[in-house]
Structure formats: C-alpha cells, structure tokens
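Two complexes are shown next, each including chain A; its partner changes from chain B in the first to chain C in the second.
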Partner chain A sequence: MISRTIVRLGVRSVFGRWRGALLFVLPLVLIAVSVLVRVLVGENETGAQHTLQGLGLVVIVPLVALLATSGLLAPEIDDGSVSYLLAKPISRYTIVMSKLVVAAVCVVVFAAVPLFIAGLVMLTSSPSLAVGFGVGSVAGGLAYCALFALLSVMSRHAVVIGLIYLLIWEGLLGGLLDGVRWLSITRWSEAVIGELADLELVEDLPVTYAVIATAVVLVLGTWLTGQRLRAFNLTGDE
Partner chain B sequence: MTTIQIDHVSRWYRNVVAVNDITMTIGPGVTGLLGPNGAGKSTLIALMSGFLAPSTGTVTLDGDPLWRNEQVYREIGLVPEREALFDYLTGRQFVVANAELHGLPDPGAAAQRALALIEMTDAQDRTISTYSKGMKQRIKMASALVHDPSVLLLDEPFNGMDPRQRIHLMELLRTMGAEGRTVLFSSHILEEVEQVARQIEVVVAGRHAASGDFGAIRRLMTDRPNRFVLRTSDDRTMASALLADASVRGARLRSEGGIELEASDFGRFSEVLPRLAREHGIRLHEVTPTDESLESVFAYLVST
Partner chain C sequence: MSSPSDSEPAGAPTGVIHDLGYRPYGGPRLGERAVARAFFVTGLRNTYGLGRSGRSKVLPFILLGVMLLPALILVGVLVQARNILGLNEQIVAYSTYPLTTQLLISVFVASQAPALISRDLRFRTITLYLARPMRRTTYVLVRLASLTVATFLLIGAPLLLMYVGGLLADLPVGRETGRFLGAIVGAALLAACLSGLAALVAALTVRRGLAVAAVIVVLLVSYTVVATIQGISGDAGRPAVGEVAGLFSPYTLVNGVQVFLFDSPAATNTPPSSDAMGLVYLLAVVLTVGGAIGGLLARYRTVHP
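And now, the complex of A and B:
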C-alpha cells in the first residue's frame, strides 16, 4: 500500500525547496518562545497552555501540515512531472498514501515533537500537558494533511486557499462563533488534548465526536484525493 | 502486437472542441502524428495515454479502455511534451525511480540498459537541473523505455534536440518500430515525420485530415496549385509569357508592382520560369511562394 520510491521522492521534494527550510524554522520559533515564557513567567500552567494552544496548535500545526502537503503534490501537478508517477501501473491510492506518509512524518517531527518539547520546557513538573498537546497535534495535523492533499489535486491555488481557510475559518470564525467547533479540525484536536491532559480547551465538544470527525476527514480526504488522481487530466500547452 | 484503437472520439473543453470525431488505428511500426500547433495532437496523445477521458467515443489498447486503467502503463511508455522533471535527482536516480515504480525485478539493471540505449550513460550522475534541453528529452526517453514497453507515445520528441541527437533518436524510433513495437510521435514538421514514420496521420483543427504513407501525404500537398509573387524587370511581358504555358493557371499584375501567379504544376513551372525569363531577356528580382507555410498546406488538406 505504500511505495518506498514515492516516499523517498516525496522527502526530497519537500526538502528540496525553500518551503522545506520553513519546516525547520517554525518549530524553532515555538521552542524559542517557550523558553522565553519559562524564563519570563516561570513555570505557569496558564501561560504554557495559552502558548501551546495559541501558537502551537492554531499556527504551527496547520502551517507545518500545509507546507509539507503542498510541497508534496502541488508543484508536481503544476509542472506536469506528476505524470511520471501516474504513468505507472500502481494504484492511485498508493501514491496518495505514500505522499501522506511523508506529510505525516513531517507533522510528527516538525509539529508534534516540538509541541511536546515546548510543553516540557514550560511545564516540566506536569508532563501530561506536553503529552496531550503532542498527541493532539498529531491527530489534528494528519487531518489537515488529508484536507490539504485534496485541495492540492483540486486547485492550482491550494496554498492560498489553504491559508485563507486557516485564517478565516479556523482562526477568525473559530474564535468568534461557537458553532464552528463542530467543523473545525483545530477544535477537534483541542477536545482530544483536553481529554488527555484533563483540561477544558473547548466547551461542549465530546471527545468521541472529535476523534470520529478527525478520522472521517483523514479517510475521506485520502480517498477523494485518490479519486481525483485516477481521473487526472494531463494535457500539453495547447 | 499492440494496437491503439481510437473510435469516433471527440473531446471538448467547455465550448472549445479540441478533437472532433476522430477514428484511427495505431498499430505496430512507427506512426507520425502530424499537424500544426494547436491542432489537437497533444490532446490525442493524452487520450491515448489514459490522461484524458474522451467526451464521446472510445480509446482502447488491445480492447482495454485506457481511461482510469492504470494497468495499461505496463504496456505504455510515455514521453510528455512538458519539460518538467524531478530536477533535484540525477539522471540515473530518476530512471531507477521509474523502474522501481514499474515494479521491475532489477531496477538498477533496467535503468542502465535504458540509459545506454539513449546514450546517456556518461551524464547519468549529473543532476537533471544541469542538463541541456536535448539531454532532458533523452532522459525522458530513458524513463519511458525502462520497462521495455510495447507502445511508445512521444509528444514532440524532437523539440530542442540538436541535429546529431535528432538523427540518433530517429534511428532509435525506427529500430523500435522494426522490432514490432507500436511507436507514435507527434510533430508539426513534415520533413521530420517523413524521415521516420511509415504511416502518417494528419490532424488539423481537431479533425483527422489525412492518413497514409508519406508518399500519399506528399502528393496531397504538392499536386495542387502553388501561389507565388514575382518581381521582374518587365512584369507585363513576363506574365503574358507565363500565361502561355500550361503549367500556369493564372496571373495578375499587382497595382504595387509584381505579379501574383498560380501554378498548377510545380515541377514544370520551376523549369519553365527561368527559361522563359532568359528567352525574353527579363531579369527575375524575386520569386516568393506565398502559401508554402505548413498552415496553408494543412488548410488546403482540410478543404479537400
């Protein structure tokens, strides 16, 4: 189900572009901020929680997912080199899932682990917060990857649409309108984190719903992306 | 024996018709797909390589549909027109990756064989981004040949190649055709096509304009009135002398000077013109064919 060749090519395509460098910058910013918080405020649960939530979960996780996923599919579709992957007797779902494996590893390495480390830096005495944010960001990050993968095969402007979605829906409306929590990947991962770290990051959102919704986005996004690739139109410049 | 069958296929993009009710069979040997830019050649190749669904009609490979059928790529090698490759890989890494994606038992050996075939062994360890246009074209060929396909589809393969590379690729295509593979390549240059292809399919404005061996296509193009503009030292005398000859169908004196001329028999006309000019002591300043561009040749083909 996973092609090692596509994974290998995917890793090189993510890190072979300037976007790859951003993947290293984002977690460094988070950890730097967490060190700053620890030095300035000391060990403070509210401060740690707000930093992990406001910077880590809302900004770093979706951006890492967007950078990793868009670096995997969109450039190849844009310049047509995806035809070298598609003109092969391999299932389109294998292609999508192999690409998503790379994106998932990026989410773990550049979002989940840094969130965990930042959590430990700010709140060393109570590691459950760090663990909660680490695990929650994996769930949210994976769902974002599947969503952005689908965007990549549907539009040439996947990165812009992804950013607008993050800013308007997840960021602005998610903060203003309570109802958005039912349809917000970040809110779902907050529910998961709340359950793990025994916090209430989001009100009135059952964790079961959050887990199922995350899984649905992940599975549906992957499947629809494969469907789109099965019907991929490749034409010349004419 | 692998055959691509295109049966009453049309393809349109919104209200633009790219391919209009085309039926053709591409069998073993080398076939040239000839037509001006924008005639629908790339659309046809996309249809034949399973990268485009026909709006109506069917495209099949030995009876199997090409659309949404990734198993056909075991038989097909595709050389796309677009130049984009995995620029960050070396030539060898790229071809090996293609071999692996085909699930070949020994990807390294298959890649070496393909690289040797297109004479890229020396440059195989350089990054693709450092390759010239012709080298990129050849590395694309290697990636298409790595699984020893029975069908090879090439979209404008001679673009950007220098004369030596061109001759080598032509030789390679001829060999593959002679081996019984089904080879189809597109081009907008007749001379290129007739040097390689036994069978030529002419496409113009999305329609199948002509089909046959290059002799038949050549005759269609040359046995027809040719138009010229002449500028001479004595237009009126020259025009009347030419009109007296059977090879000339019409002549008109242009108000701005010169003669517009229609010749019905090009071979005879090219012999008669200098002779008549010498006999009448007329100096020829200019002889310009006015419709020799390929587009006008095709326009003629379509209208017959």
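And now, the complex of A and C:
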C-alpha cells in the first residue's frame, strides 16, 4: 500500500529549499509565544486556551498541512515530472497514500507535537488541555492534508485556492456565521478537543458528528485524489 | 568543384555584407525614464489582471469588490439610519477599516507580489528587461512602486467611498476631511510596508505557489502572534509588552503610527501610549520599507542576466 521510494522522494521535495525552513519556523514561533504567555500571565487557563486555539489550531495547523501537501504533488505536476512517476507500474492510490504519509508525519512533527509542548509550557498542572490540542490537531491536520491533496491535483492554483478557503471560509466566515461549524474542519477538531479536555470551544456540535465528518473528509479526499490521478490529463493551462 | 579562394586573386575581400534594403529604426530612442514609466504602468495594470488572461482578472477584482462591500453597507446604514441611531461619525473609523479587512489585503498582496516578481525570475524574463537601458535598481524600484500603488488603491478605495458617503450624510466636512487624509497617509504607509515585505519574500523563491504561501505565512502568522500577545498583555496589565509586540506586524504597526500622528481611534488593545513609543513605531515603518528595498537590491545584485 505504501511505496518507500515515493515516501523518500516526498520527504526530499518537502524539505527542499525554502519550504523546509518555513515548516521549522512555524512551530518555533508557537513555542516562543507560549513561553512569553507563561512569563506574562503565569498558569492561566483562558490565556493558554486562546493561544492554542487562535494561533495554534486556526493558523499553524492548516498552514503546516498546506505547506507540506503543496510540496508533494504540485511541484511535480507544475514541471511535468509527474509523468515519470505515473508511468511506473504503481497503483495511483499507492502514490497518493505514500505522499500523504509524508504530509501526515509533517503535521504530527511540526503541528501536533509543538501544540502539545506549547500546551504543557503554558499549563503544566493540567496536561489534559495539551493532550486534547495535540490529538485534535492531528485529526484536523490530516483532514486538511487530504483536502489540499485533492485541490492540488484539481488545479494549478491549489495554493491560492487553499489559502482563500482557509482565510475566508474557515477564518472570516467561520468567526462570523455560526452555521459554518457544520462544514469547517477547524470547528470539528475543536469539538474533538472539547471532548478530550472537557472544554466548550464550539457550541452545539456533537463530537460524534465531528469525528465522522473528519474521517469522511480524510477518506474521501484520499480516494478522490487517487481517482483523479488515475485519469490524469497532462495539459497545461494559461 | 572549386572553392572561392581558388578563383579569386589573393588579397581581394573574401566576404561581403550585403545590404538587403531593410530599414533600420530611425525614430527617437527614449531613455531609461520612458522605459521605467511604461514598465510601471504595465506592472500596475498586471496586478489587477489587465493585459493578462481573463482568469487572472477574477481574483483581484473579486477582492476589490469584497473590500468595497462592507464600506458600501456602512455608508448605506449611515445615510439611511443616521437620525434614528443618532450617529454623528463614521460607524467604523477610517483607520480601523484596513485592520478589519486585513485578510483580503493579505490575499491580494500575497497573490500579486509573486505574479509581478517570481515569474520574471522563473521564466528568465528579467534577462530581457535588463537588456534594455534600465538599471537593476530601477527595475526593483519600479516593480515595488507598481505593487505599492496597486495595494494602496485596494486599501484606499473603500476609505474614499466611506468619506464620500459621510459627506453625503452631512457629517462635519472639516473633521471628516482631516480624519480621511490621516487614514490615506496610513493606507500609503501600510501599502508600502506590505508590498516591501511581500516583494522581498517573493524574490527569494521562483515557485509561485510557494511564494504565495510564504507571504501569507509571514503576514498572517505575524499578525496572529502580535494580536495574541497584545490581548494577553492588555489583560495582564502589562501594556508595554503589547506595545513592543505591535512593532512586529505591518497592520498593528501602521495603526499605531496613525494613533501617534493623527490621534485616530486605536484598533488594537495596546496602542503606543507615549511619544517615545510613537517615534519608535514611526522609525519601525521607515526601517521596514528601507530594509525591504535594501534586501531586494541585494537579492537582485546576484541575478545574472
């Protein structure tokens, strides 16, 4: 199901040039802010929760997922070298799964673990908040990876479309309109975190629905990406 | 078969450049200034997709429309319900508007900076530009000017709409004009800071997608971090930390400068409270723009035509 060679190549393309540096900067910024918050207000549950949610879950997790996923498929499609990969007798689903494994590892290493550490730094006495945010960010991050992978095989402007989706739908409208919670990956992971850490981050969103919805996005995104790659058309636009 | 050298006597010319009668360009040759002017106008048009494919026009014009929409609604409410609600000033202050709509401004800058800058490097168009009588410095400054003016138009258009609407709703002319002019200066500073940073990031990578993501990461993460720190330091009763933090995001920085220079209502938790801090904010704006220009010039010094 997973091809080790593709995983190895994927790791190299994610950490090539500038992308790797950006991936390292994001968690460092998060941990630096958490240390500053701890120094400023001590162990304060509201402060910790606001920081982890507003900076970690809403900004860092989706951006890490976007940076990791957009480094896997889009550059190859862009310069046409994907045809060499597609010419190999490997199932297209295996290709997608192998690439997503790399993205998933990136999400865990550069988003979930830093969120967990930041949670521990800010609230050492009750680690359930840190655990909740760690687990929730894995769930949300994986769903984002599947979604962005699908975007990157559907359009050459995947990064721009993904960012607009993140900023406008998840960020701007998600904050203004309550109904968006039924169709927002970040809100789903907030429901999961709420269940684990015994908080109320998002109102009136059953955790069962959140888990099922996240799983559906993950599976459907991966499957559709493979489906799309099966009948991939190597034509340029513009 | 004999070669030409056999039949011709030694010493005679062996090659002739034939005059085929093509007519050379005999008109006036415009210098660097005209090239720079044309280049500036083309760059400005390109940021809004004019002169590019229909697809590239979609995003900038949608963003411009969405920028104007809240201003239009605010003006409508102001004109219609001024007496009912007892309003005597703009519902949202001019200086707060760019902060409220900052996501849209960030997307515009992030999508258009690579369109102007990364593509020239990636497709080596820069070779052709530098072959003209235009120096590298001019190329960098003109590109930056196009981006800055385009961003300024995006930020300034809704402010102008609010100003005109405010005058139509009979708000005091003198006061509104003063506030509007202050906000326009702020918009120009914000456009310069954002364009400088975005252009610098875009010049460091040739991949368009990565450049877009990198600019968004820089602008969005810096703003979120600053907003988090400002919120917490305000609550914790340590506003000085928040004031220093405000220096690190273009949006809070320019808002602080507007509070300092024009006494605008603050849009952040911890605006600069003392004159010294205000001067530091002003200095930070100068350093941001100057540093971005310096960085760009240094980057382009190593570009080989």
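As a convention for this text, the second predicted complex is superposed on the first by the 234 of 238 C-alpha atoms of A that agree within 3 Å, B and C clash if a C-alpha of one lies under 4 Å from a C-alpha of the other, contacts with A are read in each partner's own complex, and residues count from 1 in each chain.
What we mean here is this: a contact is a pair of C-beta atoms (placed from the backbone, for glycine too) under 8 Å apart; a residue touches a chain by one contact, two chains touch by 3 or more.
Predicted, not measured: the structure shown is a model, and the values here were computed from it.
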Next item on the list: Report the partner of chain A that touches more of its residues: chain B or chain C.
Entry: C
Next item on the list: Could you say whether A:Val37 touches chain B, chain C, both of them, or neither, answering first, second, both or neither?
Entry: second
Next item on the list: Tell me which partner A:Ile90 touches in the superposition: chain B (first), chain C (second), both or neither.
Entry: first
Next item on the list: Check whether A:Leu67 is in contact with chain B, with chain C, with both or with neither, and answer first, second, both or neither.
Entry: second
Notebook entry, point to check: Is A:Leu9 in contact with chain B, with chain C, with both, or with neither (first, second, both, neither)?
Noted result: first
Notebook entry, point to check: Looking at the overlay, what does A:Thr208 touch: chain B (first), chain C (second), both, or neither?
Noted result: neither
Notebook entry, point to check: On chain A, what residues does chain B touch that chain C touches as well?
Noted result: 237-238
Margin query: Show me the residue ranges of chain A that touch chain B in the complex, using the header's touch definition.
Written below: 3-6, 8-9, 12-13, 16, 79-81, 83-92, 230-238
Margin query: Applying the document's contact rule, which stretches of chain A touch chain C when the two form their complex?
Written below: 17-19, 22, 25-26, 29, 33, 36-37, 40-41, 47, 50-51, 54-55, 58-60, 63, 66-67, 70-71, 74-75, 78, 157-160, 163-164, 167-168, 171-172, 237-238
Notebook entry, point to check: What residues of chain C sit close enough to touch chain A in their complex?
Noted result: 53, 55, 59, 103, 106-107, 110-111, 204-205, 207, 209-210, 212-214, 216-217, 220-221, 224-225, 227-229, 231-233, 235-236, 238, 241
Next item on the list: Please give the residue numbers of chain B that touch chain A in the complex, ascending.
Entry: 18, 37-43, 45-46, 49, 51-53, 68, 70-74, 76, 78, 80-82, 84-86, 88-89, 97-98, 100-103, 143, 155-156
